[in-house]
């Protein structure tokens, strides 16, 4: 852990990344512009996953349920209860946090392989229930959130989330908040405890830390951040669908974080960006783009378990958070 | 700090037992520790010493009996709560954070009581200075020599500002010079905390301990001052007589 | 149809799926029991068996029985070879670390699945059963082929049990499962045992798929449900216990069949998955397995 040294450098780097993303709003052509907005929202999901996997060392195979809880929490509250966008967004986060609390209370009684299987199964149940209650959720087909519902007023101004520039800025705002919150968290005392639990849980317990409470807390935060991404996705892109609750969306954040570098703050963005670009390109000439996912996963786990930024940090840039 | 007999005992166990299937690792142990003591626990391998202190600090669940700390029944308290009450344990098999820096290793117990980064830094460096590791604060703990890792464990225990510090075979693997330094360190610790020490090094025990408790086959065989224990025939037969390098 | 015969039909259907499930789950259980590895790609080995069965039967033409029996031999062998390769090239290099192996097998899942999509296509294709006799019961006719599945699976399970408990190979496998370090010290080539077990597990799944494909169809996504159900069976039955696996497979297969016939299949799956997740949380050793060492 490099928390103590060169905090200014770390913050400067993060602000530079955000500034770059801000500038790209004006520089990118339309297609890439929309793509980057999507990538930023998914990177928030990856950051939420990274908290649990990279920092706390808990490999969940069911995070799609938190993303989907946020997505459906926001989407359904707009469609069925007429919530305005800001309230719907909060509703989505609340759903994800609550689900994470319940799942955490149960799943955290297990560890290792059992934890992976239990989280995967809870996510399965969640996905199946979306299908079972299709009348309410739109089932396999999903539901579209119409354009008028994605406007909201702030003071005298109206913010239209269907406008590409507004959408990009909203995605960037969410990403910036999540990034800076994560950065602050991992450099804090709490971050140190998380890493300690990951490295040697029994020792941490003997030093007076309630490791179960800590793990539960980080699960809820991770679930809330993932849900925030899901809620944003629904509100920004106007669609909720059961495929986002599928096991694929539990594997993808694992892949994004592994590639970018687990337990690094900027790794999730990098991993999401690279994979999304590769698979977007690949799916234009084959429907079997998941093949690339499979190959990258195996290559990563065999040769680059630390991912890009993780390897960079280990070899040259020890100050990278 | 001399043993203060007029005070209440710091640690009491009543009938403390631990069974593993048919094996009675610890069998109905009644034990009392006064504040300010340096108590050594000795005995052959497999006598139940580590299991006993494991039940005191909460690492190992008890099968029977009770543990009282400062008059409070802590028998059912989880380990982290006992640590917060002031019981610190250093592992028999070194259990530090090898991938974290020496600094971060000690910062973890320190940040239990200190909040401000500056206060944390001060307390960490103070603890490291006490064991002589302040020069190596930035090193990954896993790269320390084995003896220094054991000292790091002691520093981590100290950083908790414990009332009872349990040291489980702390000098194992240390050189003679390091053991000399260790004796000075323990005497210094004992000025502010009670020390419970599991050890195999008999000269060290004789030098350091106020009282000695001898374990055998899960039970207390004998208890007394170093002279009393040295003179005890049963103890000699069971343990001291077979100990290589024991002082006459 | 009256309720009684309807229930009987549901039970028979459940028995057939239980038979196939017990073979598939046994493959998963063996791999976890001996290697301590969770193979998430297990369902894809199942799918490969079905797809290869179609390919073989299709290539051979002629009498359906010839194609089928050829597939019964060829498909598991090919799948076994692929599994053996995967173990040697990937899993052994990871030292069977639990997290890395799961991630690697996820990668394997996607590779196998998507290659099937590329070369076999997204369609579902049938395979003709080797014979179409029907058994005439008082209330309905039932496919004799389906009953033969149950019989054949039972024989295979007994054969596996015999191999595990009566042969030297089985002894070596059980020794490696019990204590791989000591086994190695006794000169057992643990690496080769692992490769063999991994291949055997895959072959059992492929075999089960060849048996079921004349009744259902071969589709590139068909590995998902068998994987989930096998997981459920292995967890409930207790890892590494053959008896537990069979008992749990019968339980799960029959109840899944009955519930699916009378209620929604989605609800059945939801209940089963939730029950198993909770079982894993509160009673991780399952019905027959020993508590993890």
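Each chain carries a letter (A, B and C) given by its place in the written order, and its residues are counted from 1.
By our rule, a residue touches a chain if its C-beta (ideal position, glycine included) is under 8 Å from a C-beta of that chain, and two chains touch if they have at least 3 such contacts.
What you are looking at is a predicted structure, and each value in this text was computed from that prediction instead of being measured.
Going by the contact rule set out at the top, which chains touch both chain A and chain C?
none
Can you name the chain whose C-alpha mean lies closest to the mean of all the C-alpha atoms?
The most central chain here turns out to be A.
Using mean C-alpha positions as chain centres, tell me how far chain A is from chain C in Å, no decimals.
The answer is 34 Å.
At what distance in angstrom does the C-alpha mean of chain B lie from that of chain A?
44
Report the inter-centroid distance (CA atoms only) between chain B and chain C in whole Å.
52
In their complex, what parts of chain A are in touch with chain C?
59, 61, 106-107, 109-110, 112-114, 116-118, 121-122, 124-125, 128-129, 131-132, 251, 254, 258, 286-291, 293-298, 300-302, 305
Using the touch definition from the top, list the residues of chain A that touch chain B in their complex.
Residues of chain A touching chain B: 1, 3-4, 189, 192-193, 195-196, 199-200, 202-211.
Which of the residues in chain B come into contact with chain A in the complex?
57, 59, 78-81, 83-84, 88-89, 91, 95-101, 103-104, 107-109, 111-112, 115, 120, 156, 160
In their shared complex, at which residues does chain C touch chain A?
38, 90, 93-94, 98-100, 102-104, 106-115, 117-118, 122, 228, 231, 235, 264, 266-267, 269-270, 273-274, 276-278, 280-282, 284
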